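Alright, structures below, take your time with them.
In the two assemblies presented below, chain A is common to both, partnered first by chain B and then by chain C.
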Partner chain A sequence: MFSAITAGRRGSGLGFALPAVLLLFAFFVVPVAALLTRSVTEPELGLQNYAVLVGSSTYARIFFNTFFVSGVVTLITVLIAFPVAWALAIMPSRWASIIFAIILLSMWTNLLARTYAWMVLLQQTGLINRSLMALGLIDAPLQLTNNLVGVTIGMVYIMLPFMILPLMGVIKKIDPAILQAAALCGATKAQALRRVLIPLAGPGIASGALMVFVMSLGYYVTPSLLGGTANMMLAELIAQQVQSLVNWGMGGAAAFLLLVVTLGLYAVQLRFFDAKEAR
Partner chain B sequence: MKKTLIALAFASALTSAAQAQDMVFTSWGGTTQDAQAAHWAAPFTAKGGPAVVQDGPTDYGKIKAMVEAGAVTWDVVDAEYDWALQAGAQGLLEPLDFSVIDKTKLDPRFVSDFAVGSFYYSFVLGWNPANFADAQPATLADLFDTAKFPGKRTFYKWSAPGVIEAALLADGVAPEALYPLDLDRAFAKLDTIKADIIWWEGGAQSQQLLASGEAPIGFFWNGRLSALQADGMPVGISWDQNITAADALVVPKGAKNKDAAMKLIAEATSAEGQAAFAAATGYAPVNLGSAALMDPAVRATLPDAQTAVQVNADMAYWAQHRDEIGNRWYAWQAQ
Partner chain C sequence: MTTPFLHINGIRKTYGPVVASDHVELAISEGEFMTFLGPSGSGKSTTLYILAGFQDPTAGDIKLRGQSILSTPSHKRNIGMVFQRYTLFPHLSVGENVAFPLRVRRMGQSEIAEKVKRALALVRLDGFEDRMPAKMSGGQQQRVALARALVYDPPVLLMDEPLSALDKKLREEIQVEIRRIHQETGVTILYVTHDQEEALRLSDRIAIFNKGKIEQVGTGPELYANPATHFVADFIGDSAFLSGELAGVQGNRAALRFANGQKVVDIPLHGAGRQGQAADLMLRPERVELSAEAGAEGASLPVTVQDITFLGNCTAVAARTDWGDAMTVRLNFGHPLAGRLARGDRLHVRWSPEAAHAFVRG
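Now for the complex of A and B:
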């Protein structure tokens, strides 16, 4: 009887998931397989596209840029998001919900519009440079766009909600009494943060960081508008190859390598957490 | 059974929707496509042609994918002329029907089996006069002279006719000796200003960079500078060695409304269609009969009034070497 119920449940669960599975299969698995096929068949059968990607110093640099920019963005996002999430978790709920709404609103605004807004703010004659000059803090405008600074600012801003949301979930579950206990046992605030709060929030930090890192790896709009070609990332290379040079083989190879790296990171993350929970 | 019926109903609804939407014109968006819709598509429909749905932006990867999959949803596409020549040779385009399109009136520079000019434009030196108090730039050599004219300069990001030619001309190559392009020399010249280059990806961005002073000098599509001037912004333009390139109208292989597509191209390249589009955009007409229909004051601002100081980018050369130049271009950018 009991097993019949669970069996029935399992079956209906699969049924409910079926539309999503079909959708993913038709619009994700099939195109990715087609792309992979093209990457080893165009312009001729073989691994020549991958050989070029791996062998050229230009592409090596683009791979390095992709990981470097994503890493910097992830690190800064964590550093900014943690205090925000913490404040949101302990704030009176009315205030928290207002701030939360602001964060969500920014997430729902069109990505391109937000990136253009940053362009206007950061450019030489933009609000930030003019204010700093009016205050006498700088004499000449700072170069804030078309370089690593611009990409980092633009991307951190876009990624923040994806870090704050998982962090908030984890921090909210931490019993405030634990921190009181730490204080009672003589821990300073810094010690409580370092030895109690951060380890407890660890899973939230890790999953948020992974999400931000992986999303950053494939980002196109923001790096292309706020960064210069010196920090070119992989998604831009794919766009060039497919849109401008109509080289689906090379574009496909680059896209597939990006996918493999992403899946690899995800596997590492799963391992890491399984091991932790087993302990 | 029920599922099949629903699927059938769905499929037939889709087909009838496709029939109802008639034909699709694809271009690059912005004010250029607005003008194409207003001066080409609207008169075409008014004269009894099918309604024209506007789509975009033009995407060569997409066209290739559509043609290969046999599911072509674009009927007429505005593309770069050098790409059009290459794509025609690769079998991605329908041959044009010159019994419908009257090529005798078209500028012979922009007529080929698979593509006719959509409009032609010039890359010109432009600058923001507010940033150069003393001397104003005048030549392509000035564009590459960061000592005399300091500041960031902006150039078209994608591999296309224009910037490489400008680098060679600025380096002293004579216009008639440009081709075959000396890429080593061009990139060496570009290397001298690489740290000061900001790339623009689309027309609107180029205007924004110049107007804000982010890049006080650069190499622009002439129509975008005219538009800034029309908005009342002081912009310096030098036509000295302006480099022409063209857009093309093409029909992807297997387009569903091939016959209507030929008729739309005939309308777009008519003297009236070209004249109205040129007046709206600041780009030059490819129909030789358009000039007579236009206000002389407007004509004076177009590239076809600047032929004396004009350098023609060699579209056939580019069509042949597009991939080779492109690969080198992007690798150089990323270095």
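Now for the complex of A and C:
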């Protein structure tokens, strides 16, 4: 009913929306439908691809890796991005714009180049291991590549800007006088953070976290370069199925599952924040 | 001398080359309503922020009951404050906003409920507990802010132009509320405003700020009757200033001579001055008379009527002195001259002795 009302009200605008709808159809609906079709028709008609994905422990492991790493990456990203965004929001604007430029520059640097740079830093004889050993903190080099630790570090780095930007947006909108009021009311810094700052930054944290989590779920380059073959994630599975095994059915099924999860998360967030707004 | 309740002791604050407040010295007694009145940029907020602990002074000290509070951080000062901007926590209901100071003090649930109820009753917002701040008017929000600032019984309440965002009628309404709350709670209030009427209406005493310094402190009537400086005389009341020079000084009485040679004598002089120095004659409007006859020698000035405006309860007569200074004299409704004046009429301005003051310029 709601959509009917909207359609009625905006009826005259439909003509303008048509190109966008067609584009969306051609570049989004068609490929997804094709993928979905292949996932239930190859090698033969039926849901066997999905049955294998859900049933086998190998694939369960891959799903677990994917969600676990994405979750940890999201959490660490929030923890690092919040103070950074806060500092950027309150520091003199000249400094903030310099740091901001550095963050943007790193975003615009080629993704592969940045990931290879991390491989060099993280390897057994890399800068990080050598520094830690020189400082006497460890005796033997840590295994930081070819496992999920490496993937997590690399992904946190890649994802940070996507968290810092929305957080800065919400933090900048918070009136400093509100925090002064909290302080005079007797709130310590920690109390002001927990009871005022974080709740007010909530929408920014949520949208940043969702973006990072969803991007992490489907990320390919960093997991494949830093994770090694033993610790596969979902995107790697899809690539492997389609490229090496030419198994479009399995690849399509995995991709489709990923899409469903992502849309589900998005729906949850929409509901959650719509409910909050409506209060 | 006994220790004052609150002692602002030689506070100075500079921002680079800008001197925001300059040796501010003020003793405030318990339960007093003290207002900082002054133009924009005169250092009122700066002084208040130093009290709140948001700024550290460059020099000086703040003592509450004889104890310096400067090393105590804001959240431990136990001072209440209402800000110019709306600073309620937007994600919390009215009740939770008022409860906030008690929650961070880890007070018990039932005691919190009790105190919140009492604080909201004090500002006449009973029953608004569950309302969100965004759904309240500006005046209501400031009253919630007042409840939040008073709920933990602070010894001192700071208010930085809390009503400046409200319209005139609402402002007057809340001024009445603030007076009542001050009387009911007995809290010591430091109030900042640049509205002289608001200051006169609310305060026990007023400190007049100018360029970071306090020019004069006193009750409203004291400041009005006995302004110490030209600035105070100009800022409080709606007076006429006629510019001349000192023609002679005897003790604290002076004679002034104006540009066309006319003289007035026996005027109380504020501030030290020597013969020949530029000085202004200030005339308070309610003690000034227009008359067809000149007064005693040196106690009246001839003027020419420029314009006549009927204002209901009075008639405003714009007049010009012979050397070109403008002044306005009000005639009460029914005054014998009121209906008979015309532009260009020659009249005499006369004043009762306590209405005239001389101020050295500069």
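The definition used in the following text is that the second predicted complex is superposed on the first by the 253 of 279 C-alpha atoms of A that agree within 3 Å, B and C clash if a C-alpha of one lies under 4 Å from a C-alpha of the other, contacts with A are read in each partner's own complex, and residues count from 1 in each chain.
Rule of thumb we're sticking to: a contact is a pair of C-beta atoms (placed from the backbone, for glycine too) under 8 Å apart; a residue touches a chain by one contact, two chains touch by 3 or more.
Since the model is a prediction, treat every value here as computed from it, not as a measurement.
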{"item": "Three-chain arrangement built on chain A, chain B and chain C clash or fit", "value": "fit"}
{"item": "Touching partner for A:237 - first (chain B), second (chain C), both, neither", "value": "first"}
{"item": "Per-residue touch tally on chain A - higher for chain B or for chain C", "value": "B"}
{"item": "Contacts of A:246 with chain B and chain C, given as first, second, both or neither", "value": "first"}
{"item": "First, second, both or neither for A:184, with chain B first and chain C second", "value": "second"}
{"item": "Contacts of A:56 with chain B and chain C, given as first, second, both or neither", "value": "first"}
{"item": "Touched partner set for A:175, first chain B, second chain C, both or neither", "value": "second"}
{"item": "Touched partner set for A:200, first chain B, second chain C, both or neither", "value": "second"}
{"item": "Angle, in degrees and to the nearest 10, that opens at chain A between the C-alpha centres of chain B and chain C", "value": "150"}
{"item": "After superposition on chain A, the shortest CA separation from chain B to chain C (Å)", "value": "46"}
{"item": "On chain A, the residue positions that both chain B and chain C contact, one per complex", "value": "none"}
{"item": "Of all residues in chain A, those that touch chain C in their complex", "value": "175, 177-178, 180-188, 191, 195-196, 199-200, 202, 279"}
{"item": "Chain A-touching residues of chain B, taken from the complex the two chains share", "value": "59-61, 64-65, 152, 157-159, 198-199, 201, 205, 208, 212-214, 322-323, 326-327, 330-331, 333-335"}
{"item": "Chain A contact footprint on chain C (complex, rising order)", "value": "52-54, 73-81, 83, 85, 87, 89-91, 100-101, 103-105, 132, 145, 148-149, 152"}
{"item": "Chain A residues touching chain B - in the complex, by the definition given at the top", "value": "56, 58, 61-62, 119-120, 123-126, 145-146, 224-225, 228-230, 232, 237, 240, 242-248, 251"}
